[in-house]
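Below is the structure I would like to discuss, written out as structure tokens.
We call the chains A, B, C and D, going by the order they appear; numbering starts again at 1 in every chain.
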Amino acid sequence: MMSATMTLPEGFADLAELAARWARPTENARSAIRWTASAEDFAALHAAMMPRLDAVLARLEGCPLDGMDSAETRLFCLAAAFAEAAPHHELYGGSAEVPHSFSARRFVPGHGDTPSWSTALR
Amino acid sequence: MMSATMTLPEGFADLAELAARWARPTENARSAIRWTASAEDFAALHAAMMPRLDAVLARLEGCPLDGMDSAETRLFCLAAAFAEAAPHHELYGGSAEVPHSFSARRFVPGHGDTPSWSTALR
Amino acid sequence: MNDLGSTGLRPGAEALSHLGRSVEAIRAELGIDPVSVEAIRDPAIYALEREKIFRRAWLKVATAWEIPAIGDYKVKELPVADASVLIVRGKDDRIRAFHNVCTHRGNKVVPTSDFETFGRARANVVTCRFHGWVFGTDGPLRSVPLEGSFGTLDKACLGLREIACESWEGFVFINFADPPEQSLREYLGDFATLFGGYPYAEATTAFRYSTVLECNWKVALYAFSEGYHVPTIHAGSLPGFRGIEHADFKLIGPHASSTIYGLGMEAAESTARFAGLFHAGTDHGPRPDLLPPGINPTGRSDFQFELPNIFPNLLIHLASGCGYPGMAYFTHQFWPLDHGRTLWEGINYFRPARNAAERVAQLHVNALHRNAWLEDTATMEDTFTGIRSGAIDEMQLMDQEFLIRHAARTLDSYLAA
Amino acid sequence: MNDLGSTGLRPGAEALSHLGRSVEAIRAELGIDPVSVEAIRDPAIYALEREKIFRRAWLKVATAWEIPAIGDYKVKELPVADASVLIVRGKDDRIRAFHNVCTHRGNKVVPTSDFETFGRARANVVTCRFHGWVFGTDGPLRSVPLEGSFGTLDKACLGLREIACESWEGFVFINFADPPEQSLREYLGDFATLFGGYPYAEATTAFRYSTVLECNWKVALYAFSEGYHVPTIHAGSLPGFRGIEHADFKLIGPHASSTIYGLGMEAAESTARFAGLFHAGTDHGPRPDLLPPGINPTGRSDFQFELPNIFPNLLIHLASGCGYPGMAYFTHQFWPLDHGRTLWEGINYFRPARNAAERVAQLHVNALHRNAWLEDTATMEDTFTGIRSGAIDEMQLMDQEFLIRHAARTLDSYLAA
């Protein structure tokens, strides 16, 4: 699916470059990207996404999890990446690691390879 | 030796690209490559080698193990890789692992780093 | 605050007021002396724990909503009991537990490579790959290839070996004793009442994490059993979480519980936006009204979550949306792998997202909480190294650490039995 | 089929007909009841096995063709006997075995890091690196640096400590008893006749695999001791290997044997081509005529290989090119490392390739067989976990599993002695 389309829903074309960098379907894939990001990367993502968050969430509120088209799915994946990356800018001083923490690489998410829009996370 | 030449015997130049991808002198080196191959990789190797197998084996039947030149050795290494990879296409549905098996990484071949054309495998 | 007998109780709360303990009562009942670390340090005690606790107590191993359909199964590896356990929903919709062991020669019927494995039995049978023996999901041995070549084979006696299995509120427990000394309901006792009635089964969206910690299982359990560490350890992920109050202490036989009140965290900009999404509706917003009456009995508006210790190795942090935005509850378990190695499992439970925006908000809250867990787990291996070094022989415990004091005493009493 | 006394025998076969057993005879002699798993589960029994089996039975530790030249040696680590063993071909061309221990203060004479180490002694001596003591490859202490500084030193009594060592058909065995109760030939008994005369020494091209399995050694031994699992476990690597018949049961004192007949596998496209290369000549093609007469005594055309169990821990699968294309035979050994850990060694033996194409074909067949071994070994750790769990107390054994039944009885009789 990810390779099938790189488009975003109408009105969100300005986020295309960010999506190419950050949008991934699974927690494991997004973590791998996040672990390599710099403070500048986190700041840029935050600066670009925060002003658009209301619009993004309003668009996604109209989408059932199991009925998104590929453009909506891509917007969802970008929003998911922002949801997980925002604390690194807001709370962790731009560090890709949570300060004073256990190795995030040693945490195994049971849902790590499941698409994050799945309705069967149990 | 392997880095000294990339040529194959006359008449086998069409296999040069495959040889670059697959031909290695030892079982350990070939296993490392095989473990990273995809179903498409195995299918492509099989599709390219199977029609040429008679010619390859006929050429190698003329070679004593301890008297191959570097081009013949390279052809031998490619044939060896095919010999070990073919079951993954033919029997294992393209999987790099043997289905329902013990970890191949835990098997230690005593001859793993010995060139496979050695006459002293005992 | 700790006196559950005060006025203004929610209806039904007084029925459990005998569980409540003031700080003075806790000190009188559990003592105030330091507690020995020997039970953490001594491998011989771990050997005893395996026998006298993990082969005798009820252990949560699954939830009903993990295996919702007939034929769904989960295999859980439990090295503490040298066991691989198959939990499966039979054709009669009943959940049973079996040793995942072929009765022919002992191979695993369902092969596994992880600590937990999920699957579905086709045609309500599971088949051993070694020689093709077929078992019904309700246990009986159904068929044996070349059956005539066995000189004798009493198929009726060669079903999968069953393990006692009972459920409470959709949490599935097993007990290795044959038969168990008590039913699960008897074992849970007042805890089942205190925590009963919450719609756990409606919060079926789970984010699960696990890791293998190089420490004794009780080091991990104890680190998650108190709120004393929150302002220090969680200064990064929960900034401003300073008004925390760890109160409403309750003793419940081998179990215990307590409440975390507080003003919550100073939400960051993005968190405030995501929380707003949850708080707009009743599905994910704070629902203190859903809490069983013995929890937050006076209906305080700063309730965060209830933190119990369910003997021997389960925590259910019941928040009902009051603590982390949108989160119904979260659980921890601590599975010994050997004396100095522990499988920790943490699961965040949400009600199902009604649209993609709600799921994004869940991912945010889940990530914040996962990060807090990364802060928690950072201390555990160091603590175990310190205890093994012999530098200290005792732990100093304050009032908010009473769950540790109580768990240590319960462990001692089980080992002495 | 199992009656070796039937008509149409190959010349010489009747001399061994007293070894053959019908299914009825096997059932009468070995019983049909389930067999206890206690000998696998109980660490105390493993301690007994070390003493009463591995320090008393003849153990194969090498082949003559592994150390073909004078001075060639092999060091084999045998934790089951707390021993490091030096097997070396002396100047007189005789193969001897010694403890790989310097008689000065106990250092290893030949340092090793793997379970097996090969080398060549220069000038027919080995020198301890610790202080430079020099030993002849036939054992005597040859020289000691600063010998005069020892107040007393009886060099004649300070040779390497010899271990009883005898060969059969080029397979080198040792015996830790001093002296052994029986010669190797007496110990092998009729097995030496049944398997004798095959040109093992001509199949000197060996592909060796080993792995450390987290299971008791008998779990591994037993998994390789029966053909009942072939249609299930090997559905991947041996598709269509369904006509398998495990027959010709033979009891030979502490040893036993049996035959695998069948139509072989449905060869894949590449396998058919490689097999064609072998089958074109007599060097690598099927050579049923080379089989000793007691094996495949009626000369069946669907013979695959002979599967014996040579007490306590050796299997020689003798195929003579009839089973896997081009393969002469393959061996397994199972070396306990401790109660729950086993070093498994599997070796595929081919006659030397006459050209590079034949070697390629050998690599293909070797890979197929290695893959089948990966399927075999997948069950072993699970089986041991299952047996340790206590879920079953007995193994159910069918006729084709008689080698297991027989080995378990032989083990019991050794432990009782």
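Just so it is clear, a contact is a pair of C-beta atoms (placed from the backbone, for glycine too) under 8 Å apart; a residue touches a chain by one contact, two chains touch by 3 or more.
For clarity, every value in this text was computed on a predicted model and none was experimentally measured.
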Taking each chain's centre as the mean of its CA atoms, which one is most distant from chain D? A
Whole-Å distance, chain A centre to chain B centre, using C-alpha means? 42
Separation of chain B from chain D, taking each centre as the mean of its C-alpha atoms, in whole Å: 30
Measuring centre to centre with CA averages, how many angstrom lie between chain A and chain D? 57
Going through chain A residue by residue, note those that touch at least 2 other chains and give them in order. none
Touching at least 2 other chains, the residues of chain D are 233, 378
Chain contact topology under the given definition, line, ring, star, complete or other? line
Chains touching one another, given as label pairs in label order: A-C, B-D, C-D
How about chain D: which of its residues touch chain C in the complex? 23, 27, 31-33, 37, 219, 222, 228-229, 231-233, 378-379, 382-392, 395-400
Enumerate the contact residues on chain C facing chain A in the complex. 63, 65-66, 68, 116, 204-212, 233, 236-237, 239, 268-271, 273-274, 277, 352-353, 355-361, 363-364, 367-368, 370-371, 373-378, 380
Touching residues on chain A, where the partner in the complex is chain C: 27, 46, 50, 53-54, 57-65, 68, 72, 76, 79-80, 82-84, 86-87, 90-92, 98-102, 104, 106-111, 116-117, 119, 121-122
Can you name the residues of chain C that touch chain D in the complex? 81-84, 99-108, 111-112, 128-132, 145-146, 149-153, 158, 161
